[in-house]
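A, B, C and D label the chains in the order they appear, each numbered from 1.
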């Protein structure tokens, strides 16, 4: 295992110390490991909280700030945070208008957020939760834990954060988050494994001539192991199931998000985006906004994911609204 | 070799097609492979042009836009562009106030930019050039090609681009670029090699228990091969020579830039930044601004570089000035 | 012996903590095959925290011990294991109440309360290939034995039933948790949660039998 | 034969292009040891473009051929090799002028003009461990032979001197280009530029000797 770390046990704490020092204007870090917007709580504003295992940076801590999250709870690497964190986050950002939990659909995240919501409600804070489950690689059925929450989470946090920033109330913000969730689809793939620092060895084995299609953001094996393929072929393997699932139809306006898994250089993501543009054009799907970069990662895994969000006017307006966080910033 | 590409020969062209499609509002791509600011040329504004081999994304193409570069010339992977590109770029952005070439100190870049400048001057365009040579890993002597241009290039492009944006003339912009160059120092390291697509195998061999200190941005071997070390030890190996070189002294205000080489996850860069903060504090060096992320990369190489720029009031003001490019954006 | 006391419960938790540490790599390895390679790491982190708390609980009643263990797990483990094992010990503690010793039957009722908590929290059904598939037969076996036997015998049966349950679902396709994403590929791998639950019952067995 | 014509020059360039392709991996490999692993790739890209241009130059004069080769290299190779080899052929072509054939002495003067262009562009001194360390002895050997011999003999001497120069500097520490960053670690590796320059003179030799 080759990593720029001091020790697996201190990694998350030290990274948080680095983040806090780097972004004094945006965030502060409070016990027990919660990243809170510097000016929280904001009176009358719905608080937007997310969290999950570490190792997906910049998600979620890099999205705390104006127009996006009010707090993020980083767990151990690839392990959901504990309810104490979400409770502390919820209390820190509650400005009297309630708090929305944006939860990725992973068994651990669901249970820990649920416990935290019960505890917060017990302390008199109104909490609503929306579960993001956008990964079309997973069959959504009684026989799985349901679709995983992946790239759509980034888009939901931006759009919902903007709505909360402009003062929309908890029910409206929650409904918007559900609308994003209903209109977003993703799928990812890996060329290489990642290594959980505490485990010290790769999460999975993969041959030099293989790739894994439909991988989750923790290196969970995906739909199928395939022979190595070109960028165009990989893009088709990811985007075709996405387009077919919602389905996205001719005339739809979308936000296309090509995401790097952590170890994939930006130049390759643009090659993938080029093919996304061609495939969407072929189906008459109009890409109205895009995001290209490594925003929801799996440590140093090489690979990418593609997310499409069907936009409506309000989502587009809220996507364009000002955001000022460590990882996303405009206006 | 596992990459999200279609073929080594088409990689740069396809990535440029993806960039052009993604950032219609910011850039256009003209023949022969030049990324030009969408609204260039701007009358009366000094044009700022850079370029170099591809594989360092987002540098330079991701820095084309308001307040930074007017054009970028991407060569083949790790190969300097050809003079035709710099000539086309120079002509495309010349608004009558002359054009500044920001050149990284690599033999090929120097020669090709030199040829292009001669050709542009032959066509009546005033061209000035500044060579960035900030890599303290290289002995600056008669016995080397001199210090390489690395992380300092990113900072120079931002600060100089802001000066050109506000209408400073060519001589002033050139002098500012030389001031940045005189006050910036960098050093990098690698945990793994990168693979040039056309070569198909790793540029260098490195053991599972080794790291390379002082590496260049093309995987050029560095100062020394060392046994694997902690993030804190690595940070000391990079930052101590940087601090000692200028030298940076107590009371100095600096911009600290922790850069990922392409395959290193953001969480690790924050661990490094944490130690940078401690070391600067120990020496009384005040970090006034910071930049943390993968901005000047070496394909999928794992590793990092650290850059310190000694700031003055004008540099700080110009760093803070609005920038709107694919990779850097604020205000 | 026919009663179970605080010393036995603490010893059982200690043994569980020790064995999780010893088998951390094995559990993580199992989890890397069908999950995300952190079960051993997370359980060890949580039970290291629990072990640090145990000395101050030596004079406490059974309920306090169970609840302290549960709360510590919820606050330190994260993932799915934290809420599930945390809920098990919380409910166990709640059922045991402020007693310093309980009968074998009472301990069985507390085990069943823990099981019910796990099933509620995780919404897992039998044969979903989760820790429930080891825990449910273990509690059933304990119950069916405890009428005629002392707690040591009942826990021997429980541990054997847990191991049998773990092995019985190994060939199955997982339907909960991250293993479920694998579909058919999850078959023929032991479930990490069912494995650690087996270790839990073996630890309780050895703590009581050795007491 | 005592004259060198357009056919010979074109054949020499063709042979160089073929051999660069054959030895692309070898050159890239040398470069990966002390440079950035692209010398073979870049030279092959440039000479593939050159080879595509050669048919339309079959009726051209020597100067036009040299300049076309040089301009194509400058426009397609990039890196340091593009300006250096490009300048070599540009200066060679300029010196050869609008002639269809030249004498051995005149060809020697053109080679020297090319060498001087490379030295100016690259600012390399002898023993910096660059292509100049193969090219300078090759041109010197050609000059010292051409008085008494025909061009084929002089090019045999030149190719041998290039190889000797390449080998002579192999043990040295590089002082120019990316290899210089290696310091002592650059010693005992052949210089990729000196190696490709040796191939250039061998190609010219075989084109003339075989004509």
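Criterion: contacts are C-beta pairs under 8 Å (C-beta built on N, C-alpha and C of every residue); 3 or more make two chains touch, one makes a residue touch a chain.
Remember, predicted model here, so these are calculated numbers, not experimental data.
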Smallest count of steps, each to a touching chain, taking chain B to chain C: 2
Out of curiosity, which chains are bumping into both chain A and chain D? B
Approximate Å spacing (C-alpha centroids) for the pair chain A, chain B: 29
Chain B and chain D have mean C-alpha positions lying a whole-number Å distance apart equal to 32
Could you work out how far the Cα centre of chain C sits from that of chain D, in whole Å? 75
Contacts with 2+ other chains: residues of chain D: none
Just say which it is for the chain contacts: an open line, a closed ring, a star, complete, or other. line
By the document's touch rule, what are all the touching chain pairs in this structure? A-B, A-C, B-D
Any idea which chain D residues touch chain B in the complex? 28, 32, 35-38, 41-42, 45, 74-84, 121-122, 173, 175-178, 180-183, 185
The answer for chain A against chain B in the complex is residues 2-7, 11-12, 14-19, 21-22, 54-55, 57-58, 62, 191-192, 208, 211, 228, 230-232, 234, 262-274, 277, 290, 292, 294, 297, 299-300, 302-304, 329-331
Taking the complex as given, what residues does chain B use to touch chain D? 32, 53, 75-84, 106-108, 111-112, 114-115, 137-139, 142-145, 148, 196, 198-199, 203-204, 216, 218-222
